[in-house]
Amino acid sequence: MRRTRRWLKTGITSAILVVLLTGCGVQVPVLQPKGPVGQEELKLIVFPFILMAIVAFIVFALFAWIMVKYRAKPENEGYVPPETDGNTLLETIWTVIPIIIVVAIAIPTVIVTFKLLKPPTPTVAAKSNTNPNPSKQTVVIYVASSEWKWLFAYPQYGIETVNHLEIPVGQPVDFQLTAIGPMNSFWIPALGGMEMDMPGKDLGLWLQADSPGTYLGRSAQYSGKGFAHMTFNVTAQSQTDFEQWVKQVKANSPKLTATEYKKLLQPSTVGTMDFAGFVNPNGYNGSMSKTGMPGVRAGMPIPSDIKSTGDSSTGSGSSSGKSGS
Amino acid sequence: MESAVNHAMIAEHELQHDVPLEFATEDGSLRVLGFWVFLAAEVVLFSCLFATYIIMHGMTAGGPTSKQLYDVKGFAWETFFLLTSSFTCGIATFEMRRGNKKGVIAWLLVTIAFGLGFLGFEIQEFVADVHAGATMQRSGFLTAFFTLVGTHGAHVSMGILWMTSVVIQIARRGIDSMTSRKMFIVSLYWHFLDVVWIFIFTAVYLTGKVI
Amino acid sequence: MSQFMNFANTFLMWKEGPLIWISDVLIGLTSIGIIAVLVYFKAFKWLWKEWLTTVDHKKIGIMYIIAALLMLFRGGVDALLMRTQLAFPNEHFLTAQHYDEIFTTHGTIMILFMAMPLVIGLMNVAVPLMIGARDVAFPYLNAISFWMFFFGAMLLNVSFVFGGSPDGGWTSYPPYVEKMFDPGPGENYYIMALQIAGIGTIATGVNFIVTILKMRAPGMTLMKMPMFVWSILITSALIVFAFPALTVVLAQLLIDRIAGAHFFSTTAGGMPMNFINEFWIWGHPEVYIVILPAFGVFSEVVSTFSSKRLFGYSAMVGSMVAITFLSFGVWVHHFFTMGAGAAVNSFFGISTMAIAIPTGVKIFNWLSTMYKGRIRFTLPMMWTSAFIPSFVLGGGVTGVMLAVAPADYQFHNSYFLVAHFHYTLVGGTVFGMLAGLYYWWPKMFGFQLDERRGRHAFWWFVIGFNVCFLPQFLLGLMGMTRRMYTYPSGLGWWIPNFISTIGGFMMGVGFLLLVYQIVWSVRHMPRGVADDPWDARTLEWSLPSPAPEYNFARTPIIHGRDEWWYIKRGKFEQEFVEPTIQPIHMPKSSGRPFLIGLFMFVAGFGFVFEWYVLVVLGLLAVLVLMAWRSFEFDYYHHIPVSVVEKTEKALGRL
Amino acid sequence: MAQSSAELHKKPSPQNHHHETFPWKHIVGYIISLVLTALAFGTALRLHLSTTMTLTIIVFLAVLQMLVQLFMFMHLTERIHGDTFQKIFIYTGVFFAAVVVVGTIWVMTFKSAVS
């Protein structure tokens, strides 16, 4: 009886899952990756899952069978179980088989771990006529998290955005991650796995979108009150549309001033913004990066007044994080 | 086997007569083993501090580097004092096993004196560093340096207090199964601190002078 | 008046709203209630003499378990508050700040102040009885460990209504928890509470290693020890080798915060990543510290209730030793996404998968023990059988999936991870410790817990557990990360979250039914039942329930594994070291361990608010108490033969 | 006590006899450690070998000196009530300490994953 309830329970739960997955058009971005990195990782999710599910199935079946067959019943009242110390053959078998499984999983793990360090193969050839420079086939984006927003800079194009990203379809994007303030984790589940971004460290992450669309990105590392609001949309579009967008930003958006930049580093949540480059101010070391936001690239130069405001903002009165965008 | 009867508690009648007095009662042997296990924990504790120091060695943030900061004469004297104190502490244990109460007390006092000398040099070094602007707040490297060496220094201070208490107890009670056990354990602690210092002068001071 | 309002707002947090006000009132009422009950029953003296000053391992174990169950309640309330907040999208039941504090205290309390004391409580109760000892090696130190744990836990709990709780997550990663970003006293509370309890835990580790290695009854060689004792030996070793890393990393964080130093700061060369590194050097073995004792309990329970010898004893021991060593080589899998490089990730990924091998061996050995047995589904066995599928799913399937570094980039910090570790920690540790609690309950108290009511609690809890955490795997794959205080609608996250919340409340009902079962059993179950109600196999069941103060009137001589089973079956003869009862040496009770805990609390409180007068006073008092002990030579007493004989007669043993 | 009664009553090993009249072992140990220390100082401060070479030598000397303390001063190998469990814990502790130090250096000196 109890066993039936257990199986009933499992059955119902998995039925719900299946309905959820397929029925209501629910998005499960990790299982429906839109780029080569995510696809590579999906393979490494599915393959161990299948192997381990087989093992789990065997264990569950054995377990259920033993529980039913050998449970104490009035009929077997006088039954005296045999005393067995062990069985070398059996024990060797269930040591060796897991070793084989582990080796089977370890090999692709190592291969993919190293592979993800390299850019994925572009699926759309860069148009040589618009982009004669081969280095432009790879889009470099500097990413910096600050309390509680994402700052993006396109050094090749001289533009900056806040809380939203535009990328060309079919081309590897080289994300260079850093943080101003607490660390966060840069995650676009539909495109691939995350990487932490930390103050004073430059970490890289290759991602690529193979089909146009808008994907949700967020921070996966808790960093304070406004952390849940650290989301951004990634719009993948064709090369032409992307360059069109760049031109538009350059033409229509304001330049990022030092005052504005300082304001961005304060703990707060903001909406999306675009900037057509950076006004090199006196107070900042402009040589740090000609194209990216100062500080974003190097991560470090937090103006001293940021520290003090950082202090007061977490005090009891302020609730900037909650008011949210 | 009588020890199995009255474990954890000591009783003179369960003394084993052919082993050193500090292991002779079950209570004593439990405590000595327990202290060894504690030392194993201390090994890991110091290893974390060492690991932190090693990776932060280069994080000087424009402040003084180890080459500029470390004074050979100072840490050479510290090393000599602590090594010698470890030796005299060993002699104290030797005298204890011979049952020589006066010898134990005398050698322990010598050990304490050397320990105080070590501390004196160390405090002098720290004060000089701070006067030179090399404070804990200056850089990650200095934070790690002061924490590692300071933790060792705190252990030495604790050891001196503890050893003093043992000297008083031996003076009052003489050498019996309990005081000898306490003496043996404090000597283990003292030798252990010397082992830690060996790695400090190697991995911190000498290495700091090389790189 | 304005000064008072200032104090009330800064420290008593009167601005924070009804949650705090209710807590204030509840804490006040509870304290008044406890004092009133004590006064009414004139129980102060009894409490002090019998409990607060005791050095008896059985009583200390019971106090650990009571404290752990209280903390389970506190952590559970935290969990339900969180689940309520997440039941619907865009909810504003809790503010972000409160939610952050609640998930921090939930995690900290559940791991360090619920799982740990439950484990340590059970080992206190059972280990000396199982090896034929009269107490642990250092009973006085044992009491100090308990009071350090207890006051550490109290320090964390005080934070909620005095100054504010920590809000950095139970992992407390800098630089967020540096003073620059998180200036409140909450984080100091976290540091000091864990530090005090952690030092007590190291002492427990040392204590049990020595107890098990040196105080076994004659004849019980290492390979004749019950499997639970083996698991505790290994756990204690892990404690001794892992907890110092926690001590160091907390001290470093404290130095950063109160001295403005630069271990983990973002300026002047600090390395925040090193905190994560060191934290998990402790943190990963900690996972095994709480799971291995559960493995030990399962081994005892499976063997007892199948009426069959444990299958593959030496393989079980070997796999635990292997886990010990492996567990020190896998810590990086908690931060694969920190970019430590492909070589590092590959190495630690493979070492993590390798842990599945010894763990698998254990699962198969349990199944083989049950095979051809006669399995009695009592409460301990039911919890064990709930454990096996949960752990295969949590530790086995998803554990291996998470060990695959590239896949982990997609799982890390998502609800997939949350579901995974709840499957191992609830499905492993909590189920295991509950199985152990039911198993040894008659030995602790001399009466059994009501089976029927226990079954209700079991089903509510286990079904609720699966309903709560299965949908979270899906949520993780949908992109939901842990520690989000709210989520927008339109992502399809609502239904799984809502189901999960329902499951959470079912677990809550299960817990209440468990409490009801205990209360009901205390009032109605017959006392003085059989000393060996389960027809069990190990030495503790040869004793009266509950065991007398000195445990064994005469020290037994051990002939083999499952000693008591074979004595009952007539294969071994019961033998004792002493032909007749002798006077028994026992440690004296002492109030100093309690005071040491109390003054550590005072010093910890001083550190929290940087009131150094308190720090100095507290630490000096601790030093004086330690010196006092050092000059004490007369810390044992004899129980005379007449008293032992009288007690034994009353128990029907003579 | 964990042993059979026969083992319990076994005579302690010869190393437990301490009726020597002069602490030769300690004096030899002290001289060795002074010499090793001097060698380490000399290597690091006078010899000007390559950095790797210097570090290897002085760490090796430090390990030797640790062994001197453990075996000549600390009586690591003495039987305590019949067994020497302390050795297991010290060796394991040293092993884990090495794991912590080497592992931390390896993990923390990472470069940017993508160049």
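Each chain gets a letter, A, B, C and D, in the order it is written, and its residues are counted from 1.
Methods note: contacts are C-beta pairs under 8 Å (C-beta built on N, C-alpha and C of every residue); 3 or more make two chains touch, one makes a residue touch a chain.
The structure displayed is predicted, hence computed values, not measured ones.
Undergrad: Once every inter-chain C-beta contact is counted, which two chains account for the most?
TA: After tallying contacts for each pair, the winner is A-C.
Undergrad: Closest chain to the protein CA centroid?
TA: C
Undergrad: Which chain's centre, taken as the mean of its Cα atoms, is farthest from the centre of chain D?
TA: So the chain farthest away from chain D turns out to be A.
Undergrad: Please tell me the distance, in whole Å, between the geometric centres of chain C and chain D computed from their C-alpha atoms.
TA: 35
Undergrad: How many angstrom lie between the centres of chain A and chain B, each centre taken as the mean Cα position?
TA: 48
Undergrad: For chain A versus chain C, what separation do you get between their C-alpha means, in angstrom?
TA: 33
Undergrad: Of all residues in chain C, which are in touch with two or more distinct other chains?
TA: 209, 213-215, 217-218, 240-241, 245, 267, 271, 273-274, 278, 281, 339, 342
Undergrad: I need the residues of chain D touching at least two other chains; which ones are they?
TA: Residues 1, 5, 8, 81, 85, 89, 92-93, 96, 100, 103-104, 108, 112-113 of chain D touch two or more partner chains.
Undergrad: Residues of chain A that touch two or more other chains: which are they?
TA: Residues 117, 195, 201, 203-204 of chain A each touch two or more of the other chains.
Undergrad: Can you tell me which positions in chain C touch chain B when the two form their complex?
TA: Against chain B, the touching part of chain C is residues 133-139, 202, 205-207, 209-210, 213-215, 217-218, 240-245, 247-249, 251-252, 255-256, 259-263, 265, 267-271, 274, 278, 281, 555, 577-578, 582, 584-587, 627, 630-631, 633, 636.
Undergrad: Show which residues of chain D lie in contact with chain B when the two form their complex.
TA: 1, 5, 8-9, 11-12, 16, 18-21, 23, 26-27, 29-30, 33-34, 37, 40-41, 44-45, 51, 54-55, 58-59, 61-62, 65-66, 69-70, 72-75, 78-81, 85-86, 89-90, 92-94, 96-98, 100-101, 103-105, 108-109
Undergrad: Quick one: which bits of chain B touch chain D in the complex? Just the residue numbers, please.
TA: 1, 3-4, 7, 18-20, 23, 26, 29, 32-33, 36-37, 39-41, 43-44, 46-48, 50-52, 54-55, 72, 76, 79-80, 83-84, 86-87, 89-91, 93-94, 97-98, 187-188, 191-192, 194-195, 198-199, 201-203, 206-207, 209-211
Undergrad: Inside the complex, what are the residues of chain B that reach chain C?
TA: Contacts found on chain B: 1, 4-11, 26, 29-31, 33-34, 37-38, 40-42, 44-45, 48-49, 51-52, 55-56, 59-61, 63, 136-144, 147, 162, 165, 169, 173, 178, 182.
Undergrad: Okay, in this complex, where on chain D does chain C touch?
TA: For chain D paired with chain C, touching residues are 1-5, 8, 81, 83, 85, 89, 92-93, 96, 99-100, 103-104, 106-108, 110-113.
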